[in-house]
Structure formats: structure tokens, C-alpha cells
Amino acid sequence: MPKILVLNGPNLNLLGRREPEIYGKETLADVEQRLRRWGETAGVKIEMRQSNHEGDLIDWLHEADATADGVILNPGGLTHSSVSLGDAVAGIATPVVEVHISNVFAREPFRAHSHVSRAAIGVISGLGIEGYVLAARALLDRIRREQEKG
Amino acid sequence: MPKILVLNGPNLNLLGRREPEIYGKETLADVEQRLRRWGETAGVKIEMRQSNHEGDLIDWLHEADATADGVILNPGGLTHSSVSLGDAVAGIATPVVEVHISNVFAREPFRAHSHVSRAAIGVISGLGIEGYVLAARALLDRIRREQEKG
Amino acid sequence: MPKILVLNGPNLNLLGRREPEIYGKETLADVEQRLRRWGETAGVKIEMRQSNHEGDLIDWLHEADATADGVILNPGGLTHSSVSLGDAVAGIATPVVEVHISNVFAREPFRAHSHVSRAAIGVISGLGIEGYVLAARALLDRIRREQEKG
Amino acid sequence: MPKILVLNGPNLNLLGRREPEIYGKETLADVEQRLRRWGETAGVKIEMRQSNHEGDLIDWLHEADATADGVILNPGGLTHSSVSLGDAVAGIATPVVEVHISNVFAREPFRAHSHVSRAAIGVISGLGIEGYVLAARALLDRIRREQEKG
Amino acid sequence: MPKILVLNGPNLNLLGRREPEIYGKETLADVEQRLRRWGETAGVKIEMRQSNHEGDLIDWLHEADATADGVILNPGGLTHSSVSLGDAVAGIATPVVEVHISNVFAREPFRAHSHVSRAAIGVISGLGIEGYVLAARALLDRIRREQEKG
Amino acid sequence: MPKILVLNGPNLNLLGRREPEIYGKETLADVEQRLRRWGETAGVKIEMRQSNHEGDLIDWLHEADATADGVILNPGGLTHSSVSLGDAVAGIATPVVEVHISNVFAREPFRAHSHVSRAAIGVISGLGIEGYVLAARALLDRIRREQEKG
Amino acid sequence: MPKILVLNGPNLNLLGRREPEIYGKETLADVEQRLRRWGETAGVKIEMRQSNHEGDLIDWLHEADATADGVILNPGGLTHSSVSLGDAVAGIATPVVEVHISNVFAREPFRAHSHVSRAAIGVISGLGIEGYVLAARALLDRIRREQEKG
Amino acid sequence: MPKILVLNGPNLNLLGRREPEIYGKETLADVEQRLRRWGETAGVKIEMRQSNHEGDLIDWLHEADATADGVILNPGGLTHSSVSLGDAVAGIATPVVEVHISNVFAREPFRAHSHVSRAAIGVISGLGIEGYVLAARALLDRIRREQEKG
Amino acid sequence: MPKILVLNGPNLNLLGRREPEIYGKETLADVEQRLRRWGETAGVKIEMRQSNHEGDLIDWLHEADATADGVILNPGGLTHSSVSLGDAVAGIATPVVEVHISNVFAREPFRAHSHVSRAAIGVISGLGIEGYVLAARALLDRIRREQEKG
Amino acid sequence: MPKILVLNGPNLNLLGRREPEIYGKETLADVEQRLRRWGETAGVKIEMRQSNHEGDLIDWLHEADATADGVILNPGGLTHSSVSLGDAVAGIATPVVEVHISNVFAREPFRAHSHVSRAAIGVISGLGIEGYVLAARALLDRIRREQEKG
Amino acid sequence: MPKILVLNGPNLNLLGRREPEIYGKETLADVEQRLRRWGETAGVKIEMRQSNHEGDLIDWLHEADATADGVILNPGGLTHSSVSLGDAVAGIATPVVEVHISNVFAREPFRAHSHVSRAAIGVISGLGIEGYVLAARALLDRIRREQEKG
Amino acid sequence: MPKILVLNGPNLNLLGRREPEIYGKETLADVEQRLRRWGETAGVKIEMRQSNHEGDLIDWLHEADATADGVILNPGGLTHSSVSLGDAVAGIATPVVEVHISNVFAREPFRAHSHVSRAAIGVISGLGIEGYVLAARALLDRIRREQEKG
């Protein structure tokens, strides 16, 4: 059964509590539950983590290279400041989809640039927590096509 | 049955023919077939159009306000140059999801800024023609939630 | 009887419907009626057109060179993106006044620059649909002074 | 009888004398006479002042809040350098229309940005001294509409 | 007999009439006649079109891919604003030479950047209407060399 | 008894009246009273002035060099535009603390840069009129330390 | 008794040792002692922490939301590079005052911008370690006013 | 006897007192004495003024148009911030030489641009108070050549 | 017989050897031979030089003013860095056409700006060594038209 | 025996595995072995560490101040984003040489700026893992010269 | 007898011939004669050179360090492009005055920045060939003051 | 015996004399002696040259392609201004290491960018004249590895 690792960056533990007019009322636990339910139907193992430490996210991305078939990464504020996170995504073979709950392109100018996008296979932004499920679908679709090729 | 209008901008009629290493080998007709098949299952009417004229896309967006429940817009090169297209998206009530087949954020710097994103509800970039189906799912999800509220 | 051609660019057909907190509740038909009433009093023929196509506006500006004594141009979003529209205004002898209903200088930074202003004889911005009438007065004033000279 | 205060900034006392190929041959006294004549017909009291001191213009704007129904402000070179003048316009309730005799947008790049525009209700640029009368008309129009509401 | 399609963008229909101190007194008809005469000698079929619509130029470039051996493109003001036109040139296999009548590099700063140049095989700027003939020669030279290889 | 001169720049006379959602409802007289009360307890003489004229503020800073032990300067809009005010602060020996009532760093981008900060000993921003008292405390603290050294 | 959490970012553990001509000779322990003494008088509990890890500071800010009445944050070099720290400050309800020992606005250009200021209630810069006490006073003042309202 | 008006801007009254390592130890009175002595020999009447008010300098420049044959202007900090001062220099017929005591081009970047230079006949920078005498010589040289022509 | 001087800047002596995937395999000697052959047919004397010294190219341009009827200049890397070379082209009466073998506009951003273009009569870029012949044709065409006028 | 601490930042644990066409096939263990072998010959103790956490690197730099005679720092992606790492290097007395395996100056523009270089004694870039040995030699050379002085 | 070396950069050999509306009709020989005449009166030996080669100017500046008491440098176009010329001026002890015949600050934007000014003792711009004599006077004045000190 | 050519650019002949607080007291002759001594031990022939002429350095780089096995290039001020020098390094097959004596990245902003780095195999900056020896070692290391392959 394919495995997708879902990594959440700084402040996403506040989800549902922080600026709900931007991020909505659902918590990260709701996201996990939503993804797991989808995973059960789709036959995908979901594992979700969150950290406020850039280093943890990089460690986990490296780890994913050996243990996961795909990664969903919501880098939070590190999106716009961490060259190293982008390098980590570029440095592993496992495909990564970048997800943002709010539409970062419609907010402050400093949120318009992502250090991660240059290395991710794709970006989903502004579609709320549903964006995580769409990213999972895209990864599964890709994993299956890769398997068919191999 | 909800209706989703799929609008494609300049040069997307070349899809499958133009720079296949970037855009893949599938044509716009393949995208349409893929979306229709999904629409039949999901109970959504799909209508797809393409034009190389900015004005046509704006006309169609205005028209969608009265006739469609959601719009998928791949603005092609107009993404980066057309203030008016962004204004058209902002000027209608129908929700619009912006889709790019290639990951525009990983290409030339002038492709990093979208005039449409400030007004779209979300953006899906780099997930190939599968991005259209994900956008349709996101719109359907939203349409249903709106109906439940109403 | 002098003739003034009034050209409106992309999305102005939504006037009264689109973002009324910015653009007000009056429609383009109201603008036309307001201008015609003024024209009847002032002895000026008014003709008004709107298009979402940059090419139409350029075609009409060229046509105006032969058929009108002055042009009022509200270029909509093309104000900020169309070099060609500015070139068209520079390329004709008929005087052009640029009009914006909202105060574009008090909005997003990308609305602060106009490609048309370098070639227009003047700009009226932020005075609502009354700005059209003021522009017509300014043109009439100029047309009469030119006639007196000639 | 409504009162409009007309404030002119640095170097406008040179009008008619300074660079006449840009600013024309009429003096500030001509502008005043032209406005007074219009004011007599329209039932509006006109008062005009000029100073080369930023502080005087700010003092007068504050004063206008209590004594005038509208302000026409030609800030001269302060347009492009005075944050405080913009703050003064934003700080008073009386509506202010910004006027420039020459088309500042068609001149040197440093004249393209106005610190005042963000706070003025509108801008008239490039229509010569006639621009003052158009501004007065726009203010009167607005004063009357406000009175009708009130 | 090889065929070269000559495409002219916005405002080039004004050639000979618009700002003759920059663009000279010859009209687009003169350019066509000049090219045809050269074509008769050189054994090249010349077809010339002009439009003020970006979309028309893109449509014609796509069409050229099947029907012409080379394209001469004078994009007018779209040179500096149309990402889509550059994408169209990049999207077809037929070689395109970009031509400007005036030396765009010696004019306003906003004319210094071309969206088309990144995809054209070459650029000829500032050599008047003779530039069209030079471009035709360069294309013919290239077409012949390609034929020799093939 | 040490003396602190409190200088307020353009538009601060509107305090309590201008944009109260940003600046609060207290007036400059309230600030003065608040500071005097603190001064009586702390044994510090307070003198407060306001002007909309850059030149007055510079004259007063020069004067302070001879007559005051410290200066609190709220430069208003001159913060962002007056090189000369920064030069005046740098040109005197009396220590100057820069105070802003609102958090200028969280407002429009043009308010992010201060010409005064390079020369002031410190900056207090966003702490309301309480910022004046904190600045007075900081100055008193410094004056006493200087006296101890001397 | 209200509680204020004092958070210090990277390299502040070097205080008193690192570049003393910029930061002075007092250590972080001196700052703590100075704050505690003030806290005993003022009836405020002070807790101070330091970390060179961005993630620790974010974790502590989240924790403060539940356990402290105010936060003093000296983000060190993270001031200028950490979007996530600014997001953390924006994401909690507890008020945060940003403190810098040296006047960051008078140093290298890259120190002129703070990612934290947009979310902090205020900023105190350049007033040495006394700035911490001033920040504590400002927070206490605010906590009391909130209590009076509530 | 020709007359040269010498105008000094903000903070130049501090000359000899302010930052002597940059500006030297001589005062403005020394400059005046130095110029008068030269004037007596050269047969030139010298009048010198200083103000910290931009408006005074503009008033004096206008006055100079009628009463002086040349102006030496050291605009102090207004050099870099006052568009109006540059406009005043452009607006009068009397030739103006811009003088800076220190070499402004070798100091902070914000001192590298002068609003006055575009209108002055020349600039002398960094040659200390001797620069005033050189400017006077240059003006006298020009006045005499003009007289010879006339 | 008219004479055209062909000047080649730094590194063009490496032509055919340096980065052949960009510049092709033909050497500068091939260019000269190609031009001479054309010159014999067209009745034009061709003289070609190359130097890696900016000063040599400037000396030769000055010399050309007296001895040549036209200049073809390929400035190599000096295109993007030498203000003086542009000044030399502007300082002579002989017409200069700027030629680049590769399409400099499609390469690194720092190659997008030419200091020479502001003074050259035209630019030919990206058409390989054939560009030299086209430039020679354009010059001959112009020389003949000038002769006809004279 | 002098001791050199070798610190490696984010993603350098992937060395030999990540993008080998840029970074080569040797691992960090190979680097360590290479350095140790050199150290044995040269009489230098080598200690090497790697972390993906900015905070760890800062902690280790502080620690080095007491325990090492020199530091080799390859900051990985933190080079371009971490102000705090630069501050840590500036804050310790132990000399630091910055090393990059690939030539960062020849890659993406965002890799052209280093926050660490302003504080390091020197930089070695692009010389592969040999760069570490060269850095060690440079440090040893400096340590010995310091010892001779002392 | 003190000696002043006068160095002229690229294209100054064209003086009197090149763009006389900017640079006047006098030649470099006239400048030399004018300076020599002044030198005879003032007791200063004048030596003048010109080269279009940056390297010659640097060589001569180095030479001046041993053989001249002052240098007048008109760097021509190298002013705006040569870091090395600025370094040469900084690298020698002999004082250098930078002279420009036209007012470079009132011309194209790329002429607004000088690489030489950061190291020259002063700049004289826009005062025609008289500027050379003023520079010589300033140098002589300085040489004498240095002699008096010594 | 392999040969390394050491090229030094403008002003490096002043080494030991010019700004010794930045560049140290050793002369270029000391550098040569230091390198030769190393060369004798290592079995490498060293040849060193210096010129203030960009063209000489380019000529010598071209020459090196045939006669040397590696080049050490200290381009002096040309580092930051010469596109052509970068092109010359890119145009030859011989490997080039760029060396700077001072840490150019820690100095003025205009020294932060090198035109040479994009083509050099590596950069050594800030390690004094020892940097030359390190560069020689790196080149020798590379030459040997190439020989082993070959």
C-alpha cells in the first residue's frame, strides 16, 4: 500500500485557532482525519506531522526519501524564507506537492514567492483543507503511473 | 446538474504539439474527454472553450456569471500580462480556479507573477492535465457546500 | 456639430454590477444617458462604445481620427498593460482625454502606472461617472479654441 | 453659499512666467478671475491662496476643515515629495480634488507618483487652467449630493 | 517556391501617417510592394497581414506553422507587453525574425524589452522598412540551408 | 532640573480628531498633560511644541542644543521625507528619541523608512501616547548616567 | 499577578561578550536581574528564555498564548529573515512588544526591515537593555487597561 | 556692479559646529567674509542668506530673478528631497550654481541624487568652503560673457 | 567606391573556437571572406579589424569618421559594459550598424542591454555571420540614398 | 595541537546522493576522512559535524569560540537566508572560513548573496571537497601566524 | 613649481567636434592653452594627456603619485563604468579633482553615477572648460595649504 | 612540468602600497616569490603578469589556452565591470580560479558581484596573498586528476 507523508510547517499547529477568517475553523486534526478517511477508501497510508522547526522538516523530507512514495508539504512561513527547505525537496527523489490553505498569491507581496516551488512537482493554493486531499489524489495518480511504467 | 465552464487562453490549442517536454503529449481534446468522463460520474456538466483573444476570455467570464456554477481558467501567457483578465475574474460572482499544466513557478522569472491569482479562489500549478480534474473537484466541493448553506 | 467618441475598455460593461463599493451603482447606459443629455444642451454629438478587446479599441481610435473631434477613453485594465493602446492614442491627431471612474492612484500599486497617459492630453481620475462629463467639457473647450485659431 | 478653497503650492506664483511652453501664459490671477466668474454663476464662493511653504499648505488644509465645503489643491512640486501634505488631506473631512496644469504623467518619471492622490477624492491632470474649473464643478456636484442626502 | 508570411501588429496600419519623424513616410502598402518585388526576383512568395488584435497575430502564427516556410513579425506595441505572442513564436517550428522599423533600443525605456526576442531566431531593429527585406533574405538563406541538409 | 523638549511634526495638531482608529482619541494636549504629570513626579521640566513647518522643527532642534537635556521628536510625515530633519538630529549633541504613536512599520510601505532613525539614539513606535512617557524615561535614564560619568 | 514572558533570539546569549561597542557590556543575566527587580516593584512576574532555534521561539510564543499576559520579543537576526516568527506573533492573542538593544535602523540596510513589526503592537529600538524595562511598562500599562475594560 | 546671491539651506547655520570632521571648522560667517573679500577684488556684490525653511529658499530664488545676476545655492539636505527647489531653479532665468561643502557623492547612497542638479548650470562638490568662491568665479565668468554677447 | 569598416570587439578572435553551440563553427576569417566576396559584387571596399581593447575600438571609430562611409560594429562583451563605446558611436558622423552573431536578447539578462544601441542607426542580432552581410547591405542602401540626396 | 571544527549545514548529509552532477559523488564521510588524513600530517585535530537545524550551527559556533582554533563552515542553503548565522560568525573571535562545494556564484541568482561572507575571514567556492582542505590550510596558516605574534 | 597633471578619458579628443550643442566648440587644445596661460600666472606647471584606453589613464594616475602634486581627471564615459579607475584614484596619495564639461547630472540616468567620485576630493560638473581652471585653482589652494602645514 | 599562469588586473601593481589596511603590506613581487617557491617544491612552473589594461588580460587568457595548464586570475576592479573578461574565461578550455586578496563580499555593495565567477571553476576570496597558493594547489590537484583520466 503506497504511503504519503504529510508535513506541516510553522504555526500550522494553530490551524482553526489562528486568524480563522483567513485559514478557516478546521484544525490540523480535522485535516488528518479527512485525509485518513480518503486514504482508507483509496488504499493509501497517510502519516501526518507538524513542526515549527525548519530542521525537523528537512530531516523528515530526507527520511521520506526511503520510507514514503509521496510527500505533501505545507511549509507555512518557511515557504517564503527557507532556501534549505527548497534544497531538501530538490535533493530527494520522492515527489513533493506544495499545499497552501489560503491563496498566498492574493495576500501580502512577501508571500508571492516560494522557495519550495522550484523543486516541487506542483502547487495547490487557496483551496482550503480540501487542497490536501487534491494533493494526495495527484500524488496517487502519479505513483500509479510510475508503477505502470516500472 | 451543476455546470463548470473550462476556459483556455492563448496557445493552449497547441497543447500536445508545443514544447511537449514542458506540456506533455496530450491535446486539449484529451483534457476535454478526461473532464467529461469525470463529469458524467460526478454529475457535472462540462463545457470547454479556447481562444487566443484576451477579449473572448473576458466575454466568456462575464457570460459564465449567468450560466455556470464554476469556472476553470487556464489563462496561458495572459496570466502574466493581463490586468483585465484579473479584473474580469474579480468582477463576477462565479468562483474561478486558476490552472497551469506546467509548474509556472519553476520556470522563467516573468512567469512567477499571475494577474489572475489575486481574484481566483485558488491555484493549481504543475500537476499536468490532471490539474483540471482536481480543479473541477474543488469547484464541485464548493458548489455543494454553498448549496447546503443556501 | 462637434462629435465626441466615448470608448470604454474591458469590464466596463459590468459597471453598476461589478464591485459597486468601488465603481458605484450606475451602469454604462446611465453614463451614456448622462453624456447625451449634456451633449444636447452643449451642442455636441456623443457616441459611446465598449469592448473587452484591445484590438477593437485601437481600431476605434484609428477610426476616430477621421470621424470625431475628440475622444474620451476609459481603458479599464488595459490602462496598465497595453503599450499598443498608448501608441494608438499617440498615433492619431484627435485629442484624447483619459478617464477613470475610481481613483486608480489610491488603489493597488499596479494601477498607479498608465500606458495611455503619456499620449493623452489629460487625465481625470476618481470623480465617478461625472468624470466623463468633465472630460467632455474639457474637449469641447479645446475644440472651440482650436476652431477659433483656425 | 458653498465655499471652495483653492490652494496652490510652490512655484505656482510663477505661473505664466515659468516655462510657458509647459504651463501656458496665463497667471494665477487669471486662474482666480476665471474661477470667480464661474463661482458667481454657479453660486459658489471662491478663495484662492498660494505659498511656497509646505507648512502653510498644511495649516490651510486644517483650517479648511472648519471653513470650506471643498478644496482644490495644486501641490506643485510637493506632489512628489510631501508625505505630510498627503497626511493632511487624509486627516480632514472636507473633500479635496488634486489638480495639475500640465500632464504630470507625461513628464519626468519622478513626477509620476503623487503623495496626495491616495487621499484626494480625485485627480485632474493636464487640462490646463481649465482643470481648476472642472475640479470646482466636481466638488459642487458632490457638495450638492451630500446636502441632498443630509 | 518558399513562402514567407509577414505579420504586422497594432498601429502599423498607421505607417506613413503616424509620427513620421520616427517611422518615416512610407506606408505598409509600400513595404508590401517592396517585399513582393524582392520576392519575385528571389523566387519567394510573400504574404502580408496586419491586425490590431493580439489574438489574430497568434492565430496567424499557428497557421503559419502549416503553411509558411518563414515568418517576419513586427509586433508593434505588443513587443513589450505580450507574453502570449512570445509563447506563440516559441510554440511553432517555422522560424520567425522580429523586425522593428525604428530603433526601439534608442527610445523610451519600456521599449527596451521584447517578449518575442527570447523565441525569435533573430532581431532587426532601426533599419527602416529595409529591415523587412533584410529579414526576408535571412529567412531565405536559412530555408535554403535547411533544404540542403534535408 | 533636567529639561526635555517634545517636538511634534505635521498634522499632529489633528491628534484625537484625525483617523482615530489609527491614532486614538486623545489630543496633543492630553499628551502634554500626561508628560507634565510624569515630569512633576520625576523632576523633569517638559516643554512641548508642534508645527506643520519642517523649518520650525529644525530651528527648534538647533535651539534645543543649548537649552534642553533631551529631545522627544515625533516627526509625523516628515519622518519619511525629510533628509534635513535627520541632518539636524545628527548635527546637535542633545540626545533625541524618535516616537511614533501608531506602529509605522505595520502600515503602508512608504512609512517603513525613517530619515531620522539613523541619527536618533532610539525609536519607540506603536505604543500610543504612552510612547512619549517611555521616551522621556529613557532620556532621563541616559541624562542621569551621563551626569554620573561627568 | 500578571506574567510577562521575555524571549530572546539567536546570539543574544553572547550579550556582553559579542561586539560590545554595539551591544554594550551587560549580559542577558543582567537584563533578567534588571527586569525581575522592576517586576517585584511593579507586581509583575517575569520569565526569561533564550534560544538560537527559530522553532523554539515559535513554540514558546504559542505557549505564551495560554500562560502569559504579555511577551517581550527580541528576535535577534531572525527579525530580518523569519516570516514564520512574524506569523507566530500574528497568530496569538497575547500582545507582543518587539525590542532591539542597538538601533537596528541605523545599521546595515538589511537590518532595516523586520518581519515581526507587522504583527507586534509596538517596537522599541536602540535604547539598550533599558528598552526591555520600557517594553515591560508598556505591556503592564496595556494589561491594566484591558483589565479595566473587561 | 554684478550681484551674486548666496543661499544656504537647512543646518548650514551649524557650519563649523556640526560634524566638523565632515564639514570643517569654518562657520558660515567665515564663508561670507571669504566671499566678500573676493567680491571686493572682483567687483561683485555678495549677499548671503540662510534658512532652514524650504519655502524661504524658494521665495528667495524667485526674488533673485529680479535682483541678482547669479545665485550660489547650497541646498543642504533639501538637495535630496525637494522637487520644488529644483522646480524653482528651473523656473527662474538667473543662472544657479549648486555647491556642496563635503563630497556628497562619496557619502551615504541617499546623498547621491540631487533634485537641483537637473536645473542648475553646474555643480561643485567636495571642495570645502573654497567651492563657494569657485562658484562665484564661474558665475562672474558667465555673466561677463553674457554681457559681451548682449 | 564606398568603404565599410568592420570592427569586432573582445573575444571575437575566438570565433569558431569559443562555445560553438552558441557562435557556430565559422571563424572571423570566414566572416571577412564572406563580406569581401559580397563587397566585390556590390562594389564596396571592406576592411575588417578585431581587438580585445576597448580603446582600440574607440580609436578606430574616430578614425572611421574620416576614412569610411559606414561601420559595422560587433562590440562583443563591451556591448553591455562600455559607456565610452556608445559615446564614440554617438560622437562620429559615419553611420554605425551594431551586429551580434548570437541572439543576445535570448541569453543571460545582463546581455539584454546595449550601451551602443542608443547611438547606432540599427541593430541586427541572432542571424549568425549572415548578419554582417545584412548590415553591409543596409549601410550600402543608406550610403546610396545619402548620395542621391547630396 | 590546534583544532579545527568543520560545520556543515542543511542537506549536506545528502552529499554524494543529492544532485551528483552539481555536488559530485563523494559523501560527507569522504570529506571527513580526507580532512583527517590531512590533519594527521599537518598536526591538526579535525572535528566534523552536520545539522539541518540553523540553531545547532549557531550553538556550535558559540561553542567553538572556547574549544576550537578555527572553523570551516559550509552553511548550505542557510548561506542565503540566515542573518543569525552571519551574526554568530561575527559574534565569536575564532576565525571562520566559508566553504561551498559547488560554485554558488555560477548558479541561480538567489545563491549569489551570502549572509555569512560579511563576517567570515574568507570564502572558497566551487573547488569541490578539496575546498575544505584548502580552507583548513588557510586556517592553519593563520593560527600559526597568530601564535608567532602572540 | 607645483605640477598638475590633467587627464582626459575616452572621446575627449573629439571635443569641439562631437555634439557641440552639449560640449561646446572649443577643442582640447583650447583647454590646454587656457590652463597653461593660467598656470603661467599662477606658477603651476600644467601637463595634459588624453587616451581612449582605461589602462593608460590608470597607468598615468599611478605615475602621477610620484611626479605630480595634483590631478584633474575628466574620465569621459569611464566615469560611469570603470570600477578600476575609481580604485586607482583611491590607491594614490596625490589629490584628484573630477571634472565634467557638461552637467552629467542633468543628462541620461546612466550618467548620474560616478565610480570616481567616491575617491576624488571633489567634483566640478557642467561649468564648461572653465571647470578645468576652477579645478586647478582648488588643487593649488589645497597644495599650498598642505605645504603650509608641512 | 605543468605551468600555471598568474594574471593580475588593474591597480594590483600598487599592492603593498595602496590601502594597506585592506590589502596588507606585501607586494606583487612577494606574491610571485611565494608562488615560485611553492612551484619549485610542487613541480609547477609559475609565470606571473600584471596589467591595468582589460585588453591585455583578455589577450593573455587567450594565449593561456595554448600555453598553460591553469590560470589564476585576480581581475582587480574589472571583476565588477568587465563582461568581456568573463567571456574570455568562458571562451578558453584552460581552467581558471578567481582570487581576491581582500574579502570582496564584505566590502562595498558594488564589489559583491563578479562577472568572472560565472565562468571560473572556483573563487577564493579574503585569504590574503595565501589565496594565490591555495588556488595553485587547487589547479594542480585538478590538472593531475585530468591527467589520470586522460
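As written, the chain order gives the labels A, B, C, D, E, F, G, H, I, J, K and L, with residue 1 at the start of each chain.
Going forward, a contact is a pair of C-beta atoms (placed from the backbone, for glycine too) under 8 Å apart; a residue touches a chain by one contact, two chains touch by 3 or more.
Since we're looking at a predicted model, the values are computed, not measured.
Touching subunit H and subunit I together: K.
Same-residue interface: subunit E and subunit I share over half of the residue numbers found at their contact. When the C-beta pairs in contact are tallied for F-H and for J-L, the bigger tally goes to J-L.
One inter-chain figure worth recording: subunit A and subunit J are separated by 32 Å, centre to centre, where each centre is the mean of the chain's CA atoms.
For this pair, subunit G with subunit H, the centres built from the Cα atoms lie 48 Å apart. One simple way to say how far apart two chains are is to compare their mean CA positions; for subunit F and subunit L this gives 54 Å. For subunit B, residues that reach two or more other chains under the stated contact definition are 53-56, 81. Shown are all chain pairs that touch, namely A-B, A-G, A-J, B-C, B-E, C-D, C-E, D-F, D-H, E-I, F-G, F-H, G-J, H-K, I-K, I-L, J-L, K-L.
Subunit L makes touch with subunit J in their complex at residues 97, 103, 105-106, 112-114, 117-127, 130-131, 134, 137-138, 141.
Taken together, the subunit A residues at the contact with subunit G in this complex read 9-11, 13-14, 17-19, 51-56, 76-81, 110-111. Partner subunit H is touched in their complex by these residues of subunit F: 53-56, 58-59, 62, 81-88, 90-92, 115.
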